[in-house]
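Next up is a structure, given as structure tokens.
Labels A, B, C and D are assigned to the chains in the order they are written; within every chain, residues are numbered from 1.
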Amino acid sequence: MKKAQAVERIDQMPVEARPARPNDYLSDNHPVWCPGCGHFFVLRALTKALAWLGRPAEELAMITGIGCSSRLPAYLASYGFHGVHGRALAVATGLKAARPDLTVLVAGGDGDGYSIGGNHFLHACRRNMDLTYLVMDNEVYGMTKGQPSPTSAPDWHSKLAPHGTGINAFNPMGVALAAGASFIARGFAGDPKGLTKLISDGIEHKGFSVIEIKSPCVTFRPEQKAWQKQMRSLNVSPTPNKLEAAQAIHASDGFDTGIFYQADLPIFDPQSEATTTLDELEQELVL
Amino acid sequence: MKKAQAVERIDQMPVEARPARPNDYLSDNHPVWCPGCGHFFVLRALTKALAWLGRPAEELAMITGIGCSSRLPAYLASYGFHGVHGRALAVATGLKAARPDLTVLVAGGDGDGYSIGGNHFLHACRRNMDLTYLVMDNEVYGMTKGQPSPTSAPDWHSKLAPHGTGINAFNPMGVALAAGASFIARGFAGDPKGLTKLISDGIEHKGFSVIEIKSPCVTFRPEQKAWQKQMRSLNVSPTPNKLEAAQAIHASDGFDTGIFYQADLPIFDPQSEATTTLDELEQELVL
Amino acid sequence: MTDTRPIPAPIPDSHRLSVSISGAGGAGAVTVGLILLEAFGKAGFYGALTRSFGPQIRGGESAVFLNLSDQPIETLPEATDIHLALDWKNFERFADEIPLTANTEIFYDDSREKPPALVTESGAECTPLPLLNTLKEIKGGRINMLGLGVLAKRLGLAEHAIEQALQKTLGRKGDEAVQLSRQTVEAGQALVEAPKTSPLKGWQPSEQARWHLSGNEACAIGALRGGLKLAAAYPITPATDIVEYLAPRLEKVGGQVLIAEDELAAMNMVIGGAFGGVPAMTATSGPGFALMTEAMGLAVASETPALVVTVMRGGPSTGIPTKSEQADLNQVLYGLHGDAPHVVVAPLNVSESVWVTQWALGLAEHLQTLVVLATDQHLGQSRMICDPTLPEDMSQTRGLTRLRAEPRTTGDPAYQRYALSADGLSPMSEPGLPGAQYTADGLEHTETGLPSSSAQDHRDQLAKRAQKLTEFDYGDDWATYLPADKAKHLILTWGSSFEACKEAVARHNAEAKKGKQVSLLGLRLLMPLQSKSLRQLCKGHQVTVVEQNATGQLYHYLLSEQALPKSSQSFARPGPILFTPGELQTYLRSLTEEAT
Amino acid sequence: MTDTRPIPAPIPDSHRLSVSISGAGGAGAVTVGLILLEAFGKAGFYGALTRSFGPQIRGGESAVFLNLSDQPIETLPEATDIHLALDWKNFERFADEIPLTANTEIFYDDSREKPPALVTESGAECTPLPLLNTLKEIKGGRINMLGLGVLAKRLGLAEHAIEQALQKTLGRKGDEAVQLSRQTVEAGQALVEAPKTSPLKGWQPSEQARWHLSGNEACAIGALRGGLKLAAAYPITPATDIVEYLAPRLEKVGGQVLIAEDELAAMNMVIGGAFGGVPAMTATSGPGFALMTEAMGLAVASETPALVVTVMRGGPSTGIPTKSEQADLNQVLYGLHGDAPHVVVAPLNVSESVWVTQWALGLAEHLQTLVVLATDQHLGQSRMICDPTLPEDMSQTRGLTRLRAEPRTTGDPAYQRYALSADGLSPMSEPGLPGAQYTADGLEHTETGLPSSSAQDHRDQLAKRAQKLTEFDYGDDWATYLPADKAKHLILTWGSSFEACKEAVARHNAEAKKGKQVSLLGLRLLMPLQSKSLRQLCKGHQVTVVEQNATGQLYHYLLSEQALPKSSQSFARPGPILFTPGELQTYLRSLTEEAT
């Protein structure tokens, strides 16, 4: 298999090779999202980050599951895989193992990633492969029209939980930290600059990068429009110390953004080299 | 549905009602485990704890998945469910919701619980229902004859991973803490007294109790016999403080036992009461 | 079969009306449709409403189609009589579903886009109206209510019906909102003339109490009637509504809804609840069903009752999630590994979904096994005004409960959970019952439940699990048979294709000579197939199996069970567009002509 | 069909030997069997070894059965010629599988328990030997090696064969260990007399190179031959061996094994790898397969190549994990929701598992879809000394690769991943290729891959996915046909039942008159069923479908495809005991008698 290459930054490339604009990373397809949906802004920040990093679109692959957020690949000019609900990280793991030369991005929603996809989330963190995972967290299942997700507050009322779920919200960053992810950040769809920076840092980080992005669902959680006032832009600084990170994650009211944890941890990067021929292997069968 | 009752302790019961011995909680079936397997000692500690707590066997249900450890229910005199691999916590959640009056115990292995069952582990912690979960961790898939599990050390060589997995071991207690479990302990199969105490404390604790039990697989991990010398008995004291617990879990070399965290957290205990008749509900359909 | 009734006469054209409404997201087309349906109900009539969504999540365009009559009607409109276009946004996306003809009357706003070419080419009569202009004078008024007024007037709908429907549908928004809507509706009514002869002329209002419900609501109520106490589910279109309908209601009858982290959890939670002694169910669709099959096998092997409602959508894979198809039959019949006998039932229309679901849950409890109830997006999400259909006596085949074990004391013989018995059923104990402890197991086991790999135990338990399903007497409910006199041809169908077939057969028989008339069979119990009765009934007929999928899954299944006479054939085509009676009528014509 | 060969003559009784060995956990019965098999191989002979485990994980008793001959043999022993009981621990657990007769010679230790009643009642000749006593004189010697010596002597096996087998099997434990074993074996040989006439008298050693392998190893090698680069799996009995065999080897040819957290991950990892451009597979069994079906549908809908090997075990649910059954056929054919055409192949014996797996991976790559290869515990875990079977020309139907897209530059027409085409195949791009970016999708889509719910797109893409499988020319490999002259009866079977049928038919035909002889067909390509060829071939025969499950799954499938003549019948029974040639021969006798 092809060997992994370092991600090249746009500023290290010869001028003529530099991609012109974030729009070069956009496809012609118009998003099906509701007007005002936070996911539009995530798409924007992502293309900006990609332009900044400057890898050609054909060397990128964006893998997703199912959900409003998971519609992302069709809007990018990169390769994409829009798979089944909750399994994007597994598809990405297979792809990255087969093709370490590619920049493999994964995206999805809080339902896709933390509910049905929870097990792959745990194990992707643990494997710490060089993947970047963007979770567009709107604390709701948008696509299926408004059910509570693991990150919904216990007292949020919905059809499915008329009195709220009564269950504490899932703590994605805390779990990612305990499970072994090496880059853990929170961003906000409404903070284009900050988010662009976080995404490009996440992609450049070697290892599994989790970026938990607060991205309002204007249709089923209109009250999330208030996030625009509440979120703080990149007010957190990275630490490579697990306990400090745990403390920062624990102490945050959920409105802080920035990199909460970044460390050099061993990366699962299965090496293999053709050193034998098939004929030699077949000889083993012979009596 | 029947209402939950407080677990009665044997010492609060009239003498004639007291179960005579731990053996009253044993069935007639002889375990299929290999001679010397740690799971024998877990079974023993469990029946002792049950005798100590003194609830009649028919009011207990032991739910498991698949694995050597998961064979447990057949050896108990209680009700049992030996389901499919990795789903014991989900079965137990359904049972406890339907029958809050029962004492519902869940058991399994590191593969069953942390690999295929990882998502239910996360969400059982988060729900924090009043269940007690015994994980007999031997850092291997015993039943399928010796493959690396999530808790295997990255450099443990096996047929499936001839050079080791190269992946950091899963941190069950750290993840349980981040995910919301309210009682988190580590025990050792080779420490009967300590383990009995942890199990009975776990059952008495109101909320989701995770007891990570080091239980050697003498067949596929014979080197684990050394644990007998390495493990310390109940040298850890409980704290209700998450950060302190995180620190203790983080700092431990894996040989400490005791309760690392215990706190009163909100329990998911869906209340429902018959306040309407079916006829009334059907009236809604009528034009 | 008690359920043998003559095929009703077709609904005359003068007694049916098709109305459709389309508009951009937020324009409120669906609300108009819902109020109109309710109003027709209040006026004593019947109706069926289906919706169609564009690809957008919510911001996008949508459309509703209504088929209205003074007689029970559960089919889709075939030719639109009146169409209201609140705007022309992406109208072409619905072109497949809104059949315009030269007789269609179209109303639209005169101040924006003109009707697109495909509309004008249809020859439909397009009437521009000053909708937005009129709205300027109504502060807060919405264009859809104006449209509702236009439709009400053109349809000749009674004032009181509209008024009651507004109250019922908008009442919870408060008096002011209702008042504003009323005013806007009136303004809409003023924009058009009343038709010379009311389209409702000659319509006989029903005096009966009728139901207004969707198939998904019907399922939910049916399950409640069956004693449901635990529903565990993970949301998935088009099944979520069932659980959303249950959520506020189940808790009021002493049960509860568990929101599972995934379908694997949902199915296992159901098993846990049922093991604990309560009737339990989940609801899902193809992709979620796939994830549940492993645990479904556990329900079969451990003999734990479980009801799984699957609301089929377009497949394979994520497919077409918001539209209907009958393509998951193979999965529900054969998706389990090993020889895993279970029960599969499917209601034939919305109204019977109530009792069929009750029956299904009862069968699960009584037979201590997995029961799959298969419906589809059309049955599940269409709303109907229909006659209640509850069999008078649900106690016989339908009031089914679990055979429970008795407590035991020392000296009693040991409890054998999986004891062999004449009918394959063994009394089921439940935690709490003294002396009857056991361990339920998905491993093959002895009569007491101890794991066993002996050939004898395997044969015995396989036979037991098969036998309890085949020996059971399902009564007359396995099918609905509508025979025609001297019919050579028999149409055999299932699920949501049934109503379209029924209408097509009714129309065909009304115009066909004796001998060219066609009989109809709707199969309700798909597994275990009542092959003997079915063979009996098919005998002497040329059977055509009608179903909405690409490969003729039911047809092949019936062949595999040797239930069909030799000359039988398949008439199958994929979704997402449903069969219409007209399409099927054309087919019946060619079929019966060819046959002579 | 090139694969048409006459049915070979049956192996004469004097050219076959059945040996079994049993003992408590740790006694080493299995090791004796493995060395004995290897020794027979080294001596130029053939053999088949199956194991049986008690319920214990590892500490429990176990047994091995060997069927040995100087001709290719892949069936189970039917009557034990020689049994070695290292002890009598739970011997009755294997009674089903160790058929003792009055001709059986049994050796056991004289110092412990006596043979149990069921042994003495069989009339077998029981010879007590001072095994433990002899061991006292050999420091570190083990009872099983003593037993090996006894068997070697009684079987008249050449010294050099035993010596080579000891070297090969124990060599990695070091010279001392081998020396100790050799000494113990010799001591064993001294305990018994050589038989008057060697049981191997008249046996012709083969001069050919032969293979010594299990079906699971064969699968692994076949996949490597097919260009496998990524295997992702979660352990499950009896499939784990495949991945364990691959683990140290795949990395040496530039590929890798991923240990997945569960089967859901495994299947999706395979899809990810294949999307990235490399041939990829997973291996599992029924319960794991169930968990994979959702993602399998994704492979079908997104047209991503994927090979899934499923090694069937007893079902339903967890069932009988260590034993064989052919009861997951329904699941592999029909387990996916929606109309989801895919390929299902099944090798007929261990040796052909190599090329059939290579073929299967090639089909997945070439047809860009899901291919399921179904084997079972018996095929997978039995060890055989057999002739290599690699078709001379794997390049035609078997050397199959992916149709890859070309890079594109500006000005080229846009790349259409799902372009309609005459054969249903479209060139597949892969990340890295400039200008041919696309998004693979499990939602129904247009030719470019954009989600679509249009009826036309749905019909087109459903047809494309079906067509590419039905239009493809699978050549002659879809079945093996062994015709008998003027045969009225045809036995149709699949998978691990084939070898037993073949042996039974050979014996039957050898003694039956012309006209009562029987032909045999082994079906290798189960889906898409080559109905036309099959019908052709079955024509004029009375077909009996033989399979190891309770409900006749293959029989019903063939009925559903109308592939069988009218009078066809099913001969099916569940596992876990395999068919033996004798059992089938009895059946054939009654079959052909009844027919006259």
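General remarks:
One rule holds in what follows: a contact is a pair of C-beta atoms (placed from the backbone, for glycine too) under 8 Å apart; a residue touches a chain by one contact, two chains touch by 3 or more.
Everything quoted here is computed from the prediction, not taken from an experiment.
Taking the mean of C-alpha positions as each chain's centre, the chain lying farthest from the centre of chain B is C.
Of the two chain pairs examined here, B-C and A-C, it is B-C that is joined by more C-beta pairs in contact.
Distance from the chain C centre to the chain D centre is 44 Å, each centre being the mean of its Cα atoms. If each chain is reduced to the centroid of its CA atoms, chain A and chain B end up 32 Å from each other. Centre-to-centre, using mean CA coordinates, chain A is 38 Å away from chain C. Chain contacts: chain C has residues 55, 257, 261-262, 264, 287, 294, 297-298, 302, 317-318, 441-443, 451 touching two or more partner chains. The multi-chain contact residues of chain A, meaning those touching 2 or more other chains, are 84, 86, 115-116, 118-119, 122-123, 150, 165, 270. Considering their complex, residues 38, 41-42, 209-213, 217-218, 221, 224-225, 229-230, 232, 249-258, 260-262, 264-278, 280, 294-295, 297-298, 302, 354, 385, 388, 429-443, 449-451 of chain D touch chain A. Residue ranges on chain C touching chain D, taken from their complex, read 55, 96, 264, 286-287, 289-291, 293-294, 297-298, 300-302, 312, 314-323, 325, 327-328, 330-331, 333-341, 441-444, 451-455, 458-459, 462-463, 466, 549-551, 553, 556-557, 559-562, 574-577. Across the complex, chain B is touched by residues 25, 55-60, 234-237, 240, 243-244, 247-248, 257, 259, 261-263, 287, 317-318 of chain D. Chain B meets chain C in the complex at residues 1-2, 29, 56-63, 73-74, 77-84, 86-87, 90-99, 101-102, 119-120, 122-123, 270-278, 281-282, 285-287.
By the touch criterion given at the top, residues 32-35, 37, 66, 68, 84-86, 115-116, 118, 141-145, 147-148, 150, 159-162, 165, 219-220 of chain B touch chain D in their complex.
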